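Structures follow.
Below, subunit A partners subunit B and then partners subunit C, in two separate complexes.
For the complex of A and B:
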């Protein structure tokens, strides 16, 4: 009895600490503020263009929770965002800007398709092999912009965007010429073997085991970045590459390793998406989850711990927009417009740091006054003596 | 194979397409060159082109005048560039990230606006938009091979040639160009000379917006006669790579954008020989990266040679090897 009350208290106290510790609270607050702001902005846009704005806005804001199917869909929509978000967290820890994760993800899906169609294996091993191979290919693709930057000082963002076009065309070439189902009118690969599908967590829904893999990766990347030597080296290199080099960290190796791991995560993400959600490769264009990953990683402040929350927010926006566009006259692309705007707001330090700056200024003022008080005391003593 | 290459390069139609597909890249590359001269990266060129292409089509369909469409396109493109400036220069955002954000904003926003106006997400064919005029040159037309290349090109092709000269003069001869380069090289020094770096950077962004706007309008009102979603197809990004290949000069931009134009035009011919179209479409982007690597390698090699010559020249002068040498090397060092 006593023990339980004590425990309850400690939980409350913990919550109290959480809310009083502004350092910890801030990322969560930023995510919530951004979410509210972008929902408001989205509703405003809907009222600007829709003929039936109230219904469309209702579908957009409440749609994700209106049906159980939509809630499952919301959880599944988080999976690719978590993978690309985690991959970009690592890149952003390095203070690099590469967006090659897009290629890693897409080619991961292509490789997984090839294995899902052509290789005969027992149920559990089949998707696992696909994920590992897709990850390796994704990782190898991922290091290309890093090599270009280190060897030839090519801006990694520009080269990765160009490579994204190259790999998109190469991937669709592989699907079209080696894996295409010629009986289908639309562009689709041959159907996957039945052993390739990931098991469903709840039967007769879309909720697949990929969610668990995504959670596993969140934990793994958290540990990797904050508890291992490699992770530490990555963070130091990102914070100050010159210092890292002086401290004896092999900067080039660390950068390439980080890109490999980031690409690996992207590749696995592509494979999970294929094995979990689809029966054949049916992407007509590149879904470009990397761009969503940019927001996820930025909102999470490059910390994998906050990735689920920011992925949830983005998935909510996307599912809401999807639900609305199917039932109204507003195009789904308006969510892309919102996303661009969110990145703009998040990227501008003056806006996103205004909270922090105000707090720091207050703290500085307080400490200044304190030190003033301290310095004046002995000086008066000195005068009297 | 050699037969094929020879037949392509001797065909006047090929060179006609080369000029046509080089022009937009050239214009945007010039935009990238001028902002890079002031040391700010305009990654939003892609988004600028998209908005220009859309607004050009929409306004020209609405007013029935292609030139008004061009003006509206340029205005929207400049607006995007100035938004980038606002966030990057006034609100301390990372300019590269802002550019990426604006491109995302534009790729979604143009489709959103197109759908809201026409009910179609893919193409603006329901709008009766105008195209910018194609110029038939009276005497040059009759020259056998050259005439069919130069005559019948869109006016924007000639504007792009003109833009090279203007940007060259602006950067190298005008006072404002000197201010731009001073800002790009050393902000503190520029400030102490009474230059407002923020204003200069805004100015270069606006100029690059104008250039990207013309290029964007050309894509939807000349190169093709419709706006399609994602019509810029990464040309804004290609321009940022081509700018490096150009080495920051206006005439270098011709060379850099020709790499893209030559491959892009070759694509249609390779398709006839039976190469899969997917791989051909990937080619221009791949070649741009390769061009980038080659140019960097050459530049590094030259740098090493220059340093070696400088070193040898120094020792040479002390040992009286030749009077002309040290002077020459210092001249090179300054350049």
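For the complex of A and C:
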């Protein structure tokens, strides 16, 4: 009894410490400020274009919470954003710019489809196998731009964007020629076996167990980046690759490993999306969650800890805009405008780091005052000016 | 007394929290040559960047001809008549000197509006004649000497109407003869009514050229004197804040076993220049072997070939009987070779990472610091970092602080602390005290001697001749990638004598040099 109260106390103290320590709050505040600004901008835009701005704005801002199914929808929408966001956190820790996770995610979904359609396995094991295989394929795809960069100094941003086209068509080819349901008018795969579906967390809703897998990955990636040797080596290599090599860190291995893990996460994300949400592969185009992942990872300052919050915020905008567009005269695409705005904020170091810059400057000046006050001895070296 | 250009209580804090200028009052009079001196990191460059509009002050004012001004960019400063010649020239190498001169303010042909090269050339030649700064207007920048590029930079500023010229360490790239020439030209400019701010840390230059001298230290303006009223000793004391007495005390040690054998290594750089030409030497325990030479004669390449940064074309490097020729830096470190990199900013540290992360980078894979499954032993890492911070006197508020926020001296102590606590018996030390304050220099020197006394074999490369001479037990001199002299006892030579070998005017016989192999 006593022990539990003690532990509770320390937990509370920890929470209190967290909120009193401004430095630790900064990333959270930046996300919240960015969110508020873009919501305000969204409302402003609605008032510019809508015939019934009050209703539309209400649907946009409050819509995600007005219906229970919207809340579930919001949580589900976070899942792919979390996976691609985590994958890109690792790439950005390395100070690389590869966007190949788009292919990893897409091909992960394709591989999962093949398993879901063709392989007979008991429930539980079935999606698990799909996730592992999708992860491995995603990882192998993920290392391609890294190899090109290390071997031939090819810019990984360019090569990954090009490879994304290649893998989009490879994936479409596999679906079209090996998995297509020819009874369907649209492009769709044969239906998944029933054992393939992830269990629902709440029956008769869309809320699936993929949410738990996403949470598990947030924890795993946090531990990987901050508590393991490899995470350390990735961060140091990102901070200064020349230093890393000088200190004896095997830079090429670290870069490839990081890309493999990033791709693995993307591949698992694709498989989870298939097994959680769909009964067959029905993507007509690549949903390109990697681009959302860019926003999520940048907003989270490439720290997995903040990925859920930033993914929540982005999903919230999406669900709100979707709800609004179905009930009013503002198109869903206006969300892209808001995303552009967010990227502008994030791309500007000076704006997104303004809190940190202010803190450092204040601290520096304060310590200056302090040291001035300490020196009681009158200075003999005057300025002759 | 009126100042042409003046700062009042100027403070500059960089976004990372570094205070580069603290309430600086600085002034330059019309028509004078003012010297600005201070150690590296004293804030000279920042002050000049603020005056040239490249950085905006955090607080304080700039006054020009009795009026308060603000420069939001260097364009504003240029328009107000301030010109700057940077240490690294801002020229387009493939264009001619004339084209570079008029860049941004090009003359055009009256009818077509196209660029008028002939007029650009004549403008250049007139300007050069007027100020007596001879340049080849039609030559391309890549084809002319460094000193002519510098003259072009000065002309460029004058062409843009500069009345005040800021020269940032202009002599650091010049030979003694070129320096003499530059000084004559600057005196000539002064006669034309130019005002010149001359930044340097070489006091003899200040005394030869300047009318007055301002001394900065630690971001503060310490004093300004008429050059006639002071001597270099008092100015150098002001620069470092106390009496400069850099004497090194060390006892003689008997060298132990040979631990590093370098045989016949060669290296050719990307431009096809032979930077190392069949270099051989041996290094023994309890010995500091100093490498002297004018910068760029192969010393950096020598260090890099030994430590795994560059690959040799011939020969071998053997540490403790183990062949480490052309092996990766990781394998060289496993062979118990530690290495202080010559540039702490680009190679010796990861600036954005924390002090703690920097201190354990070379040993993170050892079982002591991370488990078989890859998990970091946080407590041991923290403990190690604390120990090094304490024993190497790294001044910081927390080990989690980024290295970027440290001063040059403390940053260097991070590098030294890591390398000197590494599990190594061979230390390759390159430029241990470049750009470091005097306190840290003394500390690092003491540590180097200590390492020798505990039995380490040390190869010491430094462009500070005094430093190598006083620390080393024996010396080799390098010229054009070759060892041209070997002195088994460093105390038996003088800087004058070394100078002759460094410049390639003298060379020992092969037999004398062979002494370094045993």
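What we mean here is this: the second predicted complex is superposed on the first by the 359 of 385 C-alpha atoms of A that agree within 3 Å, B and C clash if a C-alpha of one lies under 4 Å from a C-alpha of the other, contacts with A are read in each partner's own complex, and residues count from 1 in each chain.
Note that in this section a residue touches a chain if its C-beta (ideal position, glycine included) is under 8 Å from a C-beta of that chain, and two chains touch if they have at least 3 such contacts.
Since we're looking at a predicted model, the values are computed, not measured.
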Partner with the higher number of touched subunit A residues, subunit C or subunit B: B
Touched partner set for A:184, first subunit B, second subunit C, both or neither: neither
First, second, both or neither for A:229, with subunit B first and subunit C second: second
Touching partner for A:153 - first (subunit B), second (subunit C), both, neither: first
Touching partner for A:169 - first (subunit B), second (subunit C), both, neither: first
Partner chain in contact with A:357 - subunit B first, subunit C second, else both or neither: second
Touched partner set for A:369, first subunit B, second subunit C, both or neither: neither
Partner chain in contact with A:243 - subunit B first, subunit C second, else both or neither: second
Which superposed partner A:118 touches (first subunit B, second subunit C, both, neither): neither
Touched partner set for A:336, first subunit B, second subunit C, both or neither: first
For the subunit C and subunit A complex, residues of the former touching the latter: 13, 15-19, 22, 25-27, 58, 221-225, 238, 309, 328-330, 332-334, 339, 341, 346-353, 357-358, 361-362, 364-365, 369-370, 374-376, 378, 405
Touching residues on subunit A, where the partner in the complex is subunit C: 227-230, 232-233, 235-236, 239-240, 242-250, 353, 357, 360-361, 363-365, 368, 381-385
Subunit A partner contacts - residues on subunit B that touch it in the complex: 41, 43, 83, 87, 90-94, 96-98, 100-109, 111-112, 115-116, 121, 234, 237-238, 240-241, 244, 276, 278-279, 281-282, 285-286, 288-289, 292-293, 296-297
Subunit B partner contacts - residues on subunit A that touch it in the complex: 45, 49, 97, 99, 148, 152-155, 157-159, 161-163, 165-166, 168-170, 172-173, 176-177, 291, 294, 330-331, 333-344, 347-351
